[in-house]
Amino acid sequence: MTKRTVEYQVSRTPELGTDFKPAQGLMTPTELEEPSLLSENMLINVGPQHPATHGVLRLILELDGETVVRCEPNIGYLHSSFEKLAEYRTYNQIVTLTDRMDYLAPLIYNCAHVMAVEKLMGIEVTERCKVLRVIMMELDRIFSHLLWLGTWAIDVGAFTPFLYSFQEREKVYSLHESFTGARITTSATRVGGLMADVPEGWPEGVREFAHGVVKTLDEVEYLLSTNSIHLGRTQGVGAISGEDAINYGFSGPNLRASGVPYDVRKDRPYYDYETYDFEVPIGEHGDCYDRYMVRMEEMRQSVRILHQALDRLPDGPVDVDDPRVVLPTKTDAMNDMESMIHHFKQIMDGIKAPPGECYFPVEGSKGELGMYVVSDGGPKPIRWRVRPPSFVNLSVIPKLVEGELLADVIMVNASLDIVLGEIDR
Amino acid sequence: MTDESQPSAFEGIEGEGTEIDASSARMPEGIEKTHPSIDPLGARFGDAILRHEVSAGDEHIVYVEAERSLEILEWLKDDPDQSFNYLSDVTAVDYGGDRPIQVVYQLYSIPFRRALRIKVELPVEALEIDSVVSLWQSANWLEREVYDLFGVRFRNHPDLRRILMPPNYAEGHPLRKDFPLRGRFSRAEQTRRALEMDADDYYVEAQLGPGREPQLVPWQELGGEPVKKREPDAESGDGTKEEGP
Amino acid sequence: MSDSSIEKAGSGLPGGIFGSGTPTFLTTKVDFVINWARRNSLWPMPFGTACCAIEMMASAATKNDLARFGMERMSFSPRQADVLICAGRVPYKLAPVLRRIWDQMPQPKWSVSMGACASSGGVFDAYSMVQGIDTIIPVDVYVPGCPPRPEGLIYGLMMIQEKIRGETLGRHSEHRAESPDEVGRPHADEFKVAALSGPFGNSTRQNRTSGLVPASRRERPGDRLP
């Protein structure tokens, strides 16, 4: 039991002193035992169907009064056997699985998967494809953080930012749709390129969005960043030190909020991220508020990258000139026998990757997203593994919430920015 | 890599992190044929280092002996010249057939910006390896997942039980190559089993402390067996269910 | 409103004003009023699991305002809900939860199966996935799509409203009542579920092909689908 220190003043009673003098000032603080209420710990079950768990996460909390004594996350309620299914799919078919895995940032997952396969095959994609993929990934980083922002605000008790952020998200939905035809399940990439070149006017649409989203972020920050309810519920809640964050495997904004400047885009750069001018926001305290601030700043940095990438977007083909991976054009396939056979073989057999394995980390919206592809030379991977950032981030939640209040569990959970599709896979 | 905008690596280990070769992190061109950890590993652990491979251009894989894996990983983490302080991933690969199942550790050194992959091969008959949770807490759930999906047992793991599949899953370990895609049972049987599961049967009654009334706690916490549902017409007056040992 | 009490009260009246099956002037008017009230204040129970849940949120958010259809209040408690929107894939581990939520919802209740995964399993023809939630609970409207657009979901909910418009109190108990034995049981019978196990469609091509592992000797049983 914790001891409480109380200060009290002795009242002026004749029984206390011999000379009827009142006790002067404060007495020395006395330590009192917290009274034993003979209370039991209570178990409460949050989820799997609960609006604040952001999916089908189930938390079993043992409470002493209102303090969390023990927290046990119970996951697997969305285990969709992605990794098993991928062993039965060719590399291009797996792309459709990836965007169902993290439906908050589908394009990042599309890109990460094909980047891993391309590295395994030793394919260098064209310059236009690289820049387009950077645009797509940064666009979806904002896309994912916007949903986090909306749900975070709902969890803190504010509904308006949810509507604001979904207004911006609708613009990204439209961009997704004009490019790929789908709002969420984009499946935009193919090994060696993209499903198609972006439509005319798409870069301008991205630029327009990049201009507009900053205004929305300003509005939301005006509503939240100095709001005393928001500050009270997030500052100092769920803090973790940098050493612990590394040891527990935190990555992405959660790790950077604890002061560790580990960003895959900077530390293990891919797609010329080292030539883009952007900052990696770093937190100081590692609490919920810092995680909020880091994500808000990250969206602004992503806008910066978007502008730079749009400026340097070159013309040219999006697909590599490599007959191993790229389909012949429709005209060729219809006129030329060899091309048709080639087309047929590639569709029916799939692209063959050489034996070997590749772990390709990218900076996803949730953290370090590693695609681990093991090939034995066939058209289907023998093992396809996603290093799930949310999975590892969520595993820290018992450490973060134990000792905090029950209401803080919701904020901590919201600050981790999890997506259950990728946790359970 | 722009060195100006790059904040210095995690300041726990300054000094050693100065001689980072920026080109080594870049992927396709600056292919690194050697890895600064390979030779020290071989010098220190000798024949516990089985072989060294390079895959996909610049990814270094070191196969180590299963018995000494914990020792090697501990050295890789704690040695100031290695300091692989970030464990990205623990996973396993089953190649099928009679080939061994590989347990894969993706290590990363945040101060040195180096990655290394450690592999341990375990024969299918003896899937047991030391847990690395004592070194990296991030291994906790990752090892549980490997146990759940591959059946690799991790010695000294604090809490080794299924994580993704239901606790009473009876069909085996799904990511093994001999596990059929649709599971071993028929769909009807799977549906029946799923709905037989009570959404609450995770709990059993137990005493959380001395002198307390029994209350519901997860049965895995007690290291027990799943509790049989009490029949409605059972005559026992007290509502206590049977507890695990 | 309890349906059986109306029937009981009606059965005593001359002419069988609330007689089961035969519509009369009074019942049709009462039906009309009650159905009007019901269909315009449906409270959805969002059982959102995966991608479809995001689209469901998008339908409730700014651009596609679900509140226009009387679905202002997302009822996260099944006890106060009318429509179960099952948005997203449902693994077997989640199946008892879904069934329990359905059992907890009071009559009258409807359900929408949103998306390909909830309706049929979708691409996830694998060991952990329920092949369509209609094996678990009864489903009124299937919304196709992967995921369906918000317009699709809204159209599905409007179809629920259409369905309510055609219901009568007299026959309500017939097709809505669930016997207590069915609580917690699968909705589809064993044979129907078993029929889902057969190889069909793209699934017949689902096998592992690889370059190096020889197909004959080293194969363990179960490496290929039958």
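The chains carry the letters A, B and C, assigned in the order they are written, with residues numbered from 1 in each.
Note that in this section a residue touches a chain if its C-beta (ideal position, glycine included) is under 8 Å from a C-beta of that chain, and two chains touch if they have at least 3 such contacts.
Keep in mind that this is a model prediction, so the values were computed, not measured.
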Relative to chain B, chain with the most remote C-alpha centre: C
Chain whose Cα mean lies nearest the overall Cα mean: A
More contacts between chains, A-C or A-B: A-B
Rounded Å distance between chain B and chain C, as computed from the means of their C-alpha atoms: 38
Between chain A and chain B, centroid-to-centroid distance (C-alpha), Å: 21
Euclidean distance of C-alpha centroids - chain A vs chain C, Å: 31
Residue list for chain A, restricted to those that touch at least two other chains: 76, 79, 81, 84-85, 88, 376, 382, 424
Overlap residues in chain B, where contacts from two or more other chains coincide: 95-96, 165-166, 174, 179, 181
Multi-partner residues of chain C (at least 2 other chains): 93, 97, 126-128, 206, 208, 210, 213
Complex interface listing, chain C residues touching chain B: 92-93, 95-97, 99-100, 125-128, 130-131, 135-136, 184-186, 188, 190-191, 193-194, 196-197, 206, 208, 210, 213, 217-223, 225
Chain A to chain B touching residues, read off their complex: 40-43, 45, 60, 62, 72, 74-76, 79, 81, 83-85, 88, 119-120, 122, 124, 242-244, 246-249, 251, 260-262, 266-270, 274-275, 277-280, 282, 356-359, 361, 368, 370, 372, 374, 376, 382-383, 385, 387, 391-392, 394-396, 399, 424-425
Residues of chain B that touch chain C when the two form their complex: 95-99, 165-166, 171, 174, 177-184, 186-188, 190-195, 197-199
Contact footprint of chain A on chain C as seen in their complex: 47-51, 53-55, 57-58, 61-63, 74, 76, 88-89, 91, 93-94, 97, 101, 123-124, 126-129, 146-147, 149, 206-213
Residues of chain B defined as touching chain A within the complex: 1-2, 5-10, 12, 25-28, 55-57, 59, 61, 85-89, 91, 93-96, 104, 106, 110, 113, 115, 117, 136-142, 145, 149, 162-166, 174-175, 179, 181, 200, 202-203, 208-209, 212-213, 215-218
